[in-house]
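Notes follow once the structure below has been shown.
When the chains are written out, they are named A, B and C in that same order, and each has its own residue count from 1.
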Amino acid sequence: MQELITRAKELLENGTVARVLGWKAGDLPYNPEPAYFTNAEELKDFVYNGFCGANLSKYMIEASKLEGKTLVCLKPCDTYSFNQLLKEHRVDREKAYIVGVGCKGKLNIEKVKSFGIKGIESVFGAEMTDNADTLTFQTIYGEKTCSYAEAMLERCHVCKGKEHVIYDELIGESKDTKDAERFAEVEKIEAMSPEEKFAFFQKELSKCIRCNACRNVCPACSCRKCVFDSTKFDSAQKANVDSFEEKMFHIIRAFHVAGRCTDCGECSRVCPQGIPLHLFNRKFIKDINELYGEFQAGADAETKGPLTNFTFDDAEPSIVANR
Amino acid sequence: MSIKNEEFRPKIVAFCCNWCSYAGADLAGSSRLAYPADVKIIRVPCSCRVNPMFILRAFEKGADGVILCGCHPGDCHYSTGNYYARRRMTLLFSMLDYIGVENGRTRVEWVSAAEGVKFSQTMNEFVEKIRSLGENVRLGDLRCKN
Amino acid sequence: MYKIAKENLPALFQLIAEDKELYVPVNNGGQVNFANWTESSQVDLDTLKSVKSPKDAFFPQSENLYTCYKDGKKIQIEPEELQNQNFVVFGMKACDVKGVEVLDKVFLVEPVDTFYAARRAHGTIVAMACHEPEETCFCKVFGIDCANPVADVATWMVEGELYWKALTEKGEALTAAVASLLTDADEAKVEEEKNAIHAIVEKLPYTNLSLEGWNGDVLSEKFDSPVWEELYKPCLACGTCTFVCPTCQCYDIKDYDTGHGIKRYRCWDSCMYSDFTMMAHGNNRTSQLQRFRQRFMHKLVYFPANNDGMYSCVGCGRCVEKCPSSLNIVKVIKAFEKQGGDQ
């Protein structure tokens, strides 16, 4: 982290960048927030640790409109999102100075709390330099520990790897934290009977409170005006009616990013109700891979996306029933 | 709780492209080829005009089955529209299957302006299929039911 | 004071549910929220905070107001029935109860919201003391004592036993209805528990948060402050904070076309949304800065200005836990405090 701050200061001072987009230490040990820094003084609050899960690439849409370059800290998986935005001309490469930061898996505080750890006063083991396998929490109710790997976000268990696909410079070591198959959960659902599938999604989606956090955090959801915000259209984006609206919203949300979703996992990270939203996106990714060839959105900024492309001998939609 | 009795008359929405399938439906009519009145046709400029939301919206408002008809691949009035529609619908149908909606409630068929017979056959088959599946309860909005 | 063993709670719920609706914290797919109790409900009284506040019981996220349908050539309008059955909300926390008090200030003043008023009239609140408050809690800042919830019935869970004390007439009535399951108890254990809770509250990081400078008289000063310009930036404009909040009371009214009529319903709205307070002429808050400011100004300035200094935040800390960008009302208060110190 110190190396990162030193370099950021340097680049600010020599005028290469006008601001730094990173994370600011929170008021609790685990809640840093995305923030802009414009001078050395402000950088005192800069932080980069295991709790900096936010994907900053989406903030670059706004930052691209500002005067001067923005230094943005991107983790390996965030760089895919940046590439995808670049492909869609939503960010300006010239306005970004990308520092690829190391990552050894990001933490999910909800997961930590689900282990019964509460009243947290301080955390040890979440720093990048710690390289710890165990997290130690000082809490009001005594010292508690949990394994770092078990407290990781879902997306880190299916890590895309430690390579940054776009950057200006790299700072820090990364670790491949993959310990699960990316499509295992999807396959499990595919194997269910229609009744079981329906019951599963009904249960998960009935939790949805229509807060739109999944949509707003998504780097692929970058429309200026969302179809679900239209006042001329009776898709009540705010009604929680426990029947159809939630399904409609989540299917369409996932469909609109199909072929563009890099599987960054932000939707599942931010869902206040813990709905495994990545299961929708990943289903589309799996289908695309199987039907139209392996495709990783954001791997580069040029290749045509699978839904803006076709071949003459694509499968017919009836394949779904015949599989 | 699907109601399976003789009375069940499914509601079917058919999106037909202006250039081929709608003309095909026309031909079926003028050739006096019968197809059930349960099929309500919505004319669209091209099969690729059909947004996944149209399909879901039809189900929401009470459709029991939705079918999309367009020009045969290669014959699109706009050259390539139906190729894009094909990919989209494949993915959408797969997603519907994934969340537990019965297979067979959705279908895509390519019908040219000369295929009045195919149009009528397809619609007869599709209505039969939906009859056997019964009422759509998994994708409808409860508020539309009463 | 009475008590009941924890393992007898299902029997208690069964008894209450015989002639009343019962809302309890239920674990559904790993998340605890208040829901209608059924025998198969996975009741969870150990989780401190439900994800959504229990305000749903009185002010549901979506509710129908009336239905229009065609009857021949006429249009019939059928108003939705008001709540007419008694119900019990079991397991609300002191902050949640205070949240209902805030809602009362909005919905029970003229013109009275009849839907809300009917629910308040038929609802009995059984509140529970917070056994183990968490680091995100700051109810003490708003003068709430989480060891002494003020509701129809106050309860304490101590060593596998639920201590029960009726505080109002409604509470007495409920107590009488379930008397067969309750046994007499003395207050010593409860006093001990209260002391223990108070000791923990003192240790919480936000307990000494200062609200100095936040009142109904500082409108322009706070409104025009440059602090907002930095603060709002990480905000994603989602509605998480407003939808988990026990005091947010803004709603929208919309029509749903059922194909054979219209259902006019209301649903929670969020000041974070771009169509919030959208009017014929457009929207009076066009930037996220303005929307973000609205939320906190409302809670800490406008509301106290109109309600004798009562804040419309109760310190439950749900927004602190759930904000995807880790922004929250505490950070806002602290940022202004820091700014004030610098000057």
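Please note the rule applied: contacts are C-beta pairs under 8 Å (C-beta built on N, C-alpha and C of every residue); 3 or more make two chains touch, one makes a residue touch a chain.
If you're wondering where the values come from, they're calculated on a predicted model, not measured in any experiment.
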Chain nearest the overall C-alpha centroid of the shown protein atoms: A
Most widely separated chain from chain C, with each centre as the mean of CA atoms: B
Rounded Å distance, chain B centre to chain C centre (Cα mean): 46
Where chain A and chain C are represented by their mean Cα positions, the distance between them in whole Å: 30
Inter-chain centre distance, chain A versus chain B - centres from mean C-alpha coordinates, in Å: 36
Multi-partner residues of chain C (each touching 2 or more other chains): 256
Per-residue overlap in chain A, given as positions that touch at least 2 other chains: 241
Chain B, residues touching no fewer than two other chains: 141, 143
Chain B-touching residues of chain C, taken from the complex the two chains share: 256, 258-260, 263
Chain A residues within the chain C interface of the complex: 26-28, 31-36, 54, 114, 118-121, 139-141, 203-204, 206-207, 209-213, 215-217, 225, 229, 231, 234, 236, 238-241, 269-270, 272-274
In the complex with chain C, residue positions of chain B that touch it: 61-62, 141, 143-144
Sites on chain B touched by chain A in the complex: 52-53, 56-57, 60, 73-74, 80, 83-84, 86-104, 106-108, 138-143
Chain B contact footprint on chain A (complex, rising order): 189-190, 192, 194-202, 227, 241, 243-245, 247-248, 251-252, 254-255, 258, 280, 283-284, 287-288, 291-292, 306-308, 310-312, 314-321
